[in-house]
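Going by the order they are written in, the chains are A, B and C; count residues from 1 in each one.
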Amino acid sequence: MNNALVRELYDRIDALPIIDIHTHVNWKTGTAANIGEILSYHYYTELANSAAFQDGKFPFGDPEALTREILPKLALIANTVQYDWLMTISREFLCLGPDEWRPENWKFIFDRSLEVMDRPEWRDELVAQANIVKVFLTNQYDDDLEGLDTSFYAPCLRTEPFIVWFDRADERAKLGAFLGRPISTTDDLRAVITKTFEKFMRHGMGYAAMSIPAGFKTFPVADEDAQRVLDKALAGGAWDCCESELWRAYAMACICDACRRYGRPFHLMIGVNRDVYAQGVPAGQDLFDSVNSMRGYDHVLNAYPDVSFPTAVLADTTGLELTAAAWIRHNVYPSGHWWYSNQPTDIAREIRRRIDAVPGNKAIGYFSDAYYLEFILPKFRMYKFELALALAERMERSLIHPNMEPFGLDDALEMATNMLIHNPMRIIGISGLA
Amino acid sequence: MNNALVRELYDRIDALPIIDIHTHVNWKTGTAANIGEILSYHYYTELANSAAFQDGKFPFGDPEALTREILPKLALIANTVQYDWLMTISREFLCLGPDEWRPENWKFIFDRSLEVMDRPEWRDELVAQANIVKVFLTNQYDDDLEGLDTSFYAPCLRTEPFIVWFDRADERAKLGAFLGRPISTTDDLRAVITKTFEKFMRHGMGYAAMSIPAGFKTFPVADEDAQRVLDKALAGGAWDCCESELWRAYAMACICDACRRYGRPFHLMIGVNRDVYAQGVPAGQDLFDSVNSMRGYDHVLNAYPDVSFPTAVLADTTGLELTAAAWIRHNVYPSGHWWYSNQPTDIAREIRRRIDAVPGNKAIGYFSDAYYLEFILPKFRMYKFELALALAERMERSLIHPNMEPFGLDDALEMATNMLIHNPMRIIGISGLA
Amino acid sequence: MNNALVRELYDRIDALPIIDIHTHVNWKTGTAANIGEILSYHYYTELANSAAFQDGKFPFGDPEALTREILPKLALIANTVQYDWLMTISREFLCLGPDEWRPENWKFIFDRSLEVMDRPEWRDELVAQANIVKVFLTNQYDDDLEGLDTSFYAPCLRTEPFIVWFDRADERAKLGAFLGRPISTTDDLRAVITKTFEKFMRHGMGYAAMSIPAGFKTFPVADEDAQRVLDKALAGGAWDCCESELWRAYAMACICDACRRYGRPFHLMIGVNRDVYAQGVPAGQDLFDSVNSMRGYDHVLNAYPDVSFPTAVLADTTGLELTAAAWIRHNVYPSGHWWYSNQPTDIAREIRRRIDAVPGNKAIGYFSDAYYLEFILPKFRMYKFELALALAERMERSLIHPNMEPFGLDDALEMATNMLIHNPMRIIGISGLA
């Protein structure tokens, strides 16, 4: 590692504004109100629960109590990158160094966080300090989007209710309420999707998205077959595995049809196993499956050549499959480094694969997945450091590699800018930014 | 690679005493009696058989002849880390440099090994030289444990006979003989497990363990269903695949019940395909399956939140799954680097993942899997070098990483000490060591 | 990275002659006739199609038009190693630097390529410049091999028609035409295989080969069962999945029988999913499956201990499985780095695994998979650079590693020579080279 070069590259990359194409930020608040909310992020509660078990039970409703409880456990996770994110938040936003993070100091930290974060101007200050220019959200079809600042936020539609939760009567009832009539035909499904897209498009829709279970399959499904399966559900019958698969494939195609009609991408997030850890904290009960290929997506990717599919994968074992798909498939775009793969070891490998084998205009470098705006800066820094390291290596390689031309600082910076700015803007279709 | 820093870190880590939480050492002998026994370790016979085929046939009963036969083939595997272990044994214990390892020199090497190893004091000298303080064994339920030195050794129960070999009438008969009555009910199964745990606990039991085939599944099984399957076996019927799965899930839960009752961990070793290479040497006929996830363990890990599951995985493709499981599950502890994953490339990746994402009090750094005490030192050295390298990189990163605080030599050493000493002691429950 | 050492090692390794054990070169032409043919290689058309979609449609029949069309898109893939191969061809063979590769310059580049490549002496000049001494081909059973220069080329038999395409009546008819009578019995299958091997042996046969779909299974099949399945096909019936599997396992064994009889290796290329990308260019529609283990090959590898199986895997997830197989199985030889795994990240990992754990006489370093002789040099350079890097690291490690003896430049070069020259010669059985 050439420290000076890596640091120089990092500093240059860090100067780029941040476009964050996937977050779970609540647009009505944006930032956290105090450090207790920061610590309620599942990364801290799940790691604390894992390091010193308390059956997933934390005082989530009481930020002060949560802070007091989590703090003594942080020493057990001080090695993790998640802890590093927290220290960056503390240093950069609260002006508190890591040595302040002693258990007995919890009240002081909490009060300082209130001073900083619990002010009306905090959101704007933070956004300016972190140089964040565009943030994509995660929204349900019935989320309130009135008043959304579309110059900064873009709502993105989670499509699980239409596709993977549709066997649940209460989910269908909610969809019916949104549509204004019960969902009893496949036409109703298409109507509620259309109504949803119309609503989202009025608010500057980013894209449709789904976090997809391992083993998902797509294949052509006739309307009549989908209707038959829907009829069974409406009659109170439970779907068997094949009926579930059929509905999911059908409904996913309906979403793709809408993406095509409205010219919006469909962001795939592949490979999660939901609700597998019984004693986990909220949002800390999901894992992934190393046995999961992208084969199940062949049909939908082929059937919708005019829809763009930015794609994130949860398993390291799907990393090269994603690179290969983006290498030959014109409508697959590798997108960021998701969740369990969002740590230096796996980021580093995937960055190199994508730089070496995917067309330079196709990779979307990173997204934060943040729940509060405060997390965007430290997470992007983690990524940008790995990117700087990969680019510094490429510069050094180019000096002696028999197949390579000189690859200089400007080339490296251009590559970083494409991955972090130009590619997401063009692929997702972001306008109004320089 | 910062050579000076890596070497300094390595030397400091190497000064730590060795706690070896998994071996196949025979406690009655401990060490090898000569170099022929060292060379009978399957790593050498299997690599020799692979490099210059002789149908798995070596003179295993005659250490001199084995030495004479293996020696000329060692040149073909001189690139391997297994050969490096052998050279370390030769240099450190026999005071013979690698250039002595010429085929025509076999008798000289053999005689020197007798001089050193075939002495009553050799075991104690070796243990002192290698600074080994605690060694965990691999034992069958009916192994003779009388006279075991529990201050140095801890017996660990292999549970395959109860779980995966139980369809074999002769295995059931042996279990019945141990219990004192035939095994004809699930109560008998529980009784023989209890009798086994009682015996092991009297001798300072380490933990229960199982090396588990790829594709293993756990799920709740009622006593009646297990009894029904057992009845079929007792009547001479062969189990189909579902009945096998049912029994295995049931019997594994019975072992977990015992672990809970006796407060002992259950060490999982996941993903082996046994007896797949027909022409292999003894213990050199097994491989692994890259298609194998930890999904099948969800039930048992959830159902026994109060049992600790140190876990080793055989496939590289399960590495991040194990990291993710240890990251959120409070009762999963990543344990060492097993067998085909026990080489520098895969150790290096998994060390980094675990350091970055698993709570610092949860990873058990390493175990040797050794058949003779002589192998513990070279194998731990291999690991410690990779660990030193990872920690040196972390120190260098911390100097320029935008999210990291300075990470110094003392921090690195503390992390290494946790992984090699404190974590195994606390997780397995080792008392009496500093 | 020690730049000076890597470069010195690279230069020494680059001085070795090239033995290329797998290509798709057309022996009647060998080289490309112009840069349009070079650009018709699927790597360029597929990357161009992926970066700037045109539905897989390029003017493949018109090299000038193809050059004009591809050139403006190259800027989008200038980051890829495939582009680096092209620039090496341009620089080394056409004496054109990368800055000449401007869209408006297409005619100049094309004309220069004609000047160089469209000469009768070009093939010999290229072979001398790149120092290529032996090239293995990919041939169908009915390819014309008359006049093949067996001192330079070795024909290798693609066995898909016998094994995986045999359900197609037109393929069976072609085989029957080659045999001289319709294929209606398993004896006919064996006869057409024998006739094919006889033909290939007369022309210096390299080996039999197959690129094998993910999920392939081998198991013993009786002649009668194969005949029954064949009868169904002859009667116009379509095979179900089990019948297909049965035939494939049977026919693969017939090929193995022939390999045994004629003393030729069977080169396995494992894990491709054919024809999955509908809008792809020719030869750019295939991907791979990360869910695929080598388990399915246990039977055939055991049943033919006297047949050598050089083996390449397409998925990164099969990399350690291949290393483990070659580590213990005497008749499995890791062979090169194939297709989607043929890029620096995955080459680097597999080189290290193989060097650390596979007997030194077993790994076949590399093959180019080239369609024109021009690609051999740049592809081998890519590999040789990664090999130099791995060996330089090994040299540096050996200076401070507690288990390693000094590993010097000569040792590194010997290892490289084994992987690139001696191993392929001995394993494939190449005679007549120094």
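Everything that follows uses one rule, which is that a contact is a pair of C-beta atoms (placed from the backbone, for glycine too) under 8 Å apart; a residue touches a chain by one contact, two chains touch by 3 or more.
Bear in mind the structure is a predicted one, so any value in this text is a computation, not a measurement.
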Magnitude of the superposing rotation for subunit A and subunit B (Cα, nearest 5°): 120
Copy pair subunit B, subunit C: interface residue numbering same or different (half cut): different
Separation of subunit B from subunit C, taking each centre as the mean of its C-alpha atoms, in whole Å: 38
Numbers and ranges of subunit B residues touching at least 2 other chains: 291, 317
In the complex, subunit B residues that touch subunit A: 291-295, 298, 301-302, 305, 317-321, 323-331, 349, 352-353, 355-362, 393, 396-397, 399-405, 415
Partner subunit B, residues of subunit A touching it in the complex: 1, 3, 6-7, 10, 14, 46-47, 49-51, 53, 55, 76-82, 84-85, 87-88, 98, 214, 273, 276-280, 284-285, 287-291, 315-317, 340-341, 343-346, 378, 381-382, 384-385
